[in-house]
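Heads up, there are several structures right after this.
What follows is a pair of complexes built around chain A, which joins chain B in one and chain C in the other.
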Partner chain A sequence: MTGTATVPAATTAPLTGKGQRPGRRIWSYWRFYLALSPFYVLFAVFGLYPMLSTIVLAFQRWDGLSARRFTGLGNFEFLVQDPTFWTALENTIVLFFMSTVPTLVIALLLAVMLQSAVRFTNVYRIAYFIPNVTSLVAMAIFFSSIFSTNFGLVNAALRSLGIPQQDWLGQPWGIKIAISTMIVWQWVGYNTLIYLAGLQAIPKEQYEAAKVDGAGPVRTLFSITLPQLRPVILFTVVISTIGGLQTFTEPQVMVGNSGGTGQSGMTVVLLFYRTAFLDNDYGYAAAIALSIFLLVLLFTAINWRIFRGRSDDR
Partner chain B sequence: MELSRRTLLGGFAAVAGGTLVGCSSGMDTGSTAKKNTTTELTMWCWPGGLGKSVIDDTIAHFPDPKIKYSEIGGDFKQKLVTTFNGGTGIPDITGIKGEDIASLLPQASRFVDLKSVGADSVLGDYLEWKVNQATTLDGKVIGLPIDVGPTGLFYREDIFAAAGLPSDPAKVADQLKTWDDYFAAGVQLKAKNPKALLVWDATDLYDMVVGQGTERYISKDNKFIGDQDHIRKAWDTSVKAMTMKIDGKTPSGSPDWNAGLDQGTIPTHIGAAWVALDIKSAVKTSAGKWRLAPTPSGPANFGGSFLAITKNAADPQKAFDVIKYMLSADNEAKAFADAQIFPSAPAAYDKPELKAADKFFGGQVPIDVFGPAAKAIPVAYQSPYDDSVAAPFHDELKTVQTGSKTSDAAWASAVSKAKAIAKRQGVQ
Partner chain C sequence: MTRYKWRGIALHAVLVLALLVFMFPFVWTIIMASNTTADIYRFPPKFTFGGHFGDNVRQVLDNVAFFQSMANTATVAISTTLLVLFFDSLAAFTFAKFRFPGRNALFVILLATMLLPAQLSAVPQFQTMALLGWVGSLKALIIPGAANAFGIFWMRQYFQNSIHDELVEAATLDGCGFFGTYWHVALPSARPALAFLGIFTFVGSWNDYMWPLIVLTNPNHLTLQVALSTLNRSHGVDYSMVMTGALMAMVPLVIVFGIFARQFIKGATEGAVRG
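What follows is the complex of A and B.
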């Protein structure tokens, strides 16, 4: 292997490089490629390989131990006919809206308020971020206690207001509210910090100009803050979409592998988990996993179209 | 320097090729199992699966080759399956959980048929229905039972007495013989004490009634029988508790269940012997007020695991001697004293470790209830696909409980979903 310094000497072609064979030129940078390679090697082993093997698996029947059998589109045929899959898809999308919309709206409002808060800003920032670094399983157990029927905090509050208590984790809508509340609680802080960083990047001059023109705080929010934040909002929406469509731990711990009453907490990823690791039907599970991939792709594309805006030339 | 589209695609192709190669190597069904080394006998189980003193004693008893015991936490079956696929580091002896045994029977070729290493002489020492769970249709036995989970009725003596119900265990056993008797007692209790609903969660009764029968969802000749009377009877029993309004709708193990045990709003629970541990850890004030009686309409079983020897074992005969020793009636009694592991060998039920009275149950001797129950559990064939086929029944029963579907509509939907799953798994 020749080093960079010896390359010109090793070739008879002119030093302009035009006559060099491209392969030679690439090899002369081997040290750089070597330095770059750890990420790509790890990605290939732990990212690309599993993804590609999932695609292969989606066309096979496999119980985890026996020989694999090729079944063509059999798994996908079952997928479109499986009522549980459609329930799970609907739940996932409903949960996604029930959790993402409040999360982002609350996060934006908190960020604007934190931006103008004068005292203890860092204390608030840390307080809002703590849920994000708390163990998800511990939190799910905690939330299922809060929403428990007879001895839960939520029902205690309802009773003290004279409203009859609800069987939160026993009713289809109650399960969805409990799960999305937990997601909102966990992700508001993270998004607040992202928005806060975005807000600090907006030039002060624009606000001063708006003030001179006589704009009030609401007008400023809609005419300056939001348009300027657009790329940041796109980022949070995309990240929330990817995370929100893969909701798993919350329903799994709160209502179990069955998805709870009326399978109301059954998300697509939970169905995937149940199919693969409880029913040992890995081929069908891989088909479900591919459907999640397509779903995330579709939603991300939609978000991209909406939030990129027409006037934005990038 | 730039990564052209062509090189990138080439790279993808190379990796995809690797994937296919990887798959084909995964097609090895284990018929050519590599033998483990003879210098060490490796054993896998999950935390709390075997008694600590029994493990220590067994390791001391078999010095050559040295037994290397590993406690595998997390999803045990998944880790075992992954190791089988990897082909190296497979243990000589492994535990198999009761809920996984049916799905591992088709993989019998990866395990040593215990009859080939002399199990015939000891199989009679264990509960027949339990050995049956680890026996393939063509008669191979892949596991020796560690423990079983016979069910019993746990009830609050003080609450029964206050409602004018019999409170002495013998009298309760006498009066609550069938599900109908049990439900009638529930109605009487509710009339006296409106807060105390006898059934903690009616959907739990469904699996109990299925477990009391001799048939499940799929017959031995691989036919779907989940739409027949024996399953419908279990369904109707559960629905009956709901319509009689004695259903507390409180899933066991939930915070409400834990609190309700002490508060008297959950006066009974029917569960396996090991549920005693859950109740004991959940309650504070009601310790000593609980009693035990037989399950109405007969016992069922929940849980209970096995020890199996893999084809990779260097010396299957030696490995069998080890598990035979570990699971002798004496050692099973020790494991019970150690970690409440309920013995699968009936001879252990007469050992002093099991004959101890329990203050939590007001000095009652639990084995007097669970021992006869363990012996009376019916033999039922469980197909590898039993659990997947059962799932829609559980899901749909919950919709009846919340009142969003009528019993008949939910039943029809459960049967059609179950049939689709069964058909997919190749069941007729």
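What follows is the complex of A and C.
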């Protein structure tokens, strides 16, 4: 703020246009700053300050009661040697692929079909979207019930087909299948509608031109539909990445805070929650939180490179 | 012609199958909630609706403070939604239609905040709540979420495209003032955008789980999601009762979504394609 009161606003902020006359002082814009202040004040108090504290906390040991002790890189050294952290990281990434790949493939197929459907499209759209607005906790309870060993619907179906029943929520792969089934169910509809909107934005002339050139449906899909849809696919991949790497509610409700048998439902966010709010090991939890942030940044950057890199070639 | 007809039938067959898969959990939840746990435990399981829904509801009400939790959840979701609609639209209107020093820098900061995951601030935020004496109180859920970057970003795009600068200038010349122009010109013209942001915020707030789980420490003063999770943990074997609770917790939201579904879907998909 130094000197702004003596320097004309026009030189400190070379903006022209409505609402600004040369020589206006910064305080004459107070209404605008007041209008913006709620977000920035809330962010400073409940966003920025806690984030900076988390960074400091990651270099300390603290149980929430006794005095904080500075431990340097101690938490991070512990992190790289902690087998639970590596298990959680592996589970998170495996679950991310097990849920995202089927979700996006099914969504794309449904979107292509929905685009060529003429009737009932609004009924389909609303019904497909409902899982996405349904309570995660309620649905996690539902999916743990159908995957339950003795009375679950999945095992009842297997038994009626003569296949021996499985202890789904009691074994590592069963837990992962149950959790990713729920994520797929919840996210296919949302992504279908995103792809549908993307498909409808592709100019019809391109398809007509392809037809004139004698291109078949498969050729059209690979030379027009998918390349045109690339930015939309990038969007869905980024959204799925950010959400998938922060999976918490599904495993927490379905297999509990321990992560279930062999900790195979333990995700990094569940580990963070447990470390901070059940073990009260705040310093280590802060280190885990920072690693989640880096993980999200890394994956987003990878997505960006894969999809951007290809579109630059063209 | 018949070839096209058969293709159409096959197409709708797949689409209807998908619809049934998406709807199945709701139907099965209702079946479980209307039968006794013994019926569900049978093999083969009972596939029809039963007459025990009333009993199950009574059991849910005996085991958790359901209506108290529902009232808490509604309080949080409605207050958060109203505050978000007001603060976000006001900030968005300011960004979209006025120029002032620092505007671009402030907007870049706003966009950057959207990249930060919630866990990054959860521990110190809990300490802040403890300092303020808000642990266990609904304020801890409402206040931090009263304005958000996504809503401001989304509303700003809408204001930029839908309100002409001349309209804002005319209102200002008529002596409307900044807040008057916002209230009388900007808000009424932004109804579709406000409808989307409102339901988006409401749904998110209603279903929020991790932060309420952390900050609501009094077992008699919970939100619906946390109460439901507690019910599941303590009475997990009593399926019909737990599923009744799940059903009761999601019905209000499905109704709200049903009313606004079209606007909501339009808003939710529009941004992805334009962006």
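Note that the second predicted complex is superposed on the first by the 274 of 314 C-alpha atoms of A that agree within 3 Å, B and C clash if a C-alpha of one lies under 4 Å from a C-alpha of the other, contacts with A are read in each partner's own complex, and residues count from 1 in each chain.
The definition used in the following text is that a contact is a pair of C-beta atoms (placed from the backbone, for glycine too) under 8 Å apart; a residue touches a chain by one contact, two chains touch by 3 or more.
Just so it is clear, the model here is predicted, and its values are computed rather than measured.
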item	value
Clash or fit, chain B versus chain C on superposed chain A	clash
Partner chain in contact with A:A107 - chain B first, chain C second, else both or neither	neither
Touched partner set for A:I26, first chain B, second chain C, both or neither	both
Which superposed partner A:R68 touches (first chain B, second chain C, both, neither)	first
Contacts of A:P172 with chain B and chain C, given as first, second, both or neither	first
Between chain B and chain C, more extensive residue contact with chain A	C
First, second, both or neither for A:F78, with chain B first and chain C second	first
Touched partner set for A:Q263, first chain B, second chain C, both or neither	first
Contacts of A:N150 with chain B and chain C, given as first, second, both or neither	both
Touched partner set for A:A35, first chain B, second chain C, both or neither	second
Touched partner set for A:T134, first chain B, second chain C, both or neither	second
Among 6-14, 60-68 or 78-86 on chain B, the segment whose C-alpha atoms clash with chain C after superposition	78-86
Doubly contacted chain A residues - partners chain C and chain B	26, 29, 49, 53, 57, 64, 145, 150-151, 277
In the complex with chain C, residue positions of chain A that touch it	4, 9, 12-13, 15-20, 26, 29, 31-33, 35-36, 38-40, 42-43, 45-47, 49-51, 53-54, 57, 64, 110, 113-114, 116-117, 119-120, 122-131, 133-139, 141-143, 145-146, 150-151, 153, 156, 159-160, 185, 188-190, 193-194, 196-198, 201, 231-232, 235-236, 242, 246, 248-249, 252-253, 256, 269, 272-273, 276-277, 282, 285-286, 288-290, 292-293, 296-297, 300
Contact footprint of chain B on chain A as seen in their complex	25-26, 29, 44, 48-49, 52-53, 56-57, 63-68, 78, 81-84, 144-145, 148-152, 167, 169-172, 258-263, 274, 277-281, 284
Residue numbers on chain B that touch chain A, as the complex places them	1, 12, 15-16, 18-20, 22-23, 26-27, 29-30, 75, 78, 81, 84-85, 103, 106-107, 110, 249-250, 254-256, 259-260, 265, 387-388, 391-392, 394-395, 398-399, 401-402, 404, 417, 420, 424-425
Chain A-facing residues of chain C, complex	11-12, 14-15, 18-19, 21-23, 25-26, 28-29, 32, 40-41, 43-45, 87-88, 90-91, 93-95, 97-103, 106, 109-110, 113, 115-128, 143-144, 146-149, 152, 165, 168-169, 178-179, 182, 203, 206-207, 209-210, 214, 224-225, 228-229, 232-233, 239, 242-243, 246-247, 249-250, 253-254, 257-258, 261-262, 264-265, 268-270, 272-273, 275
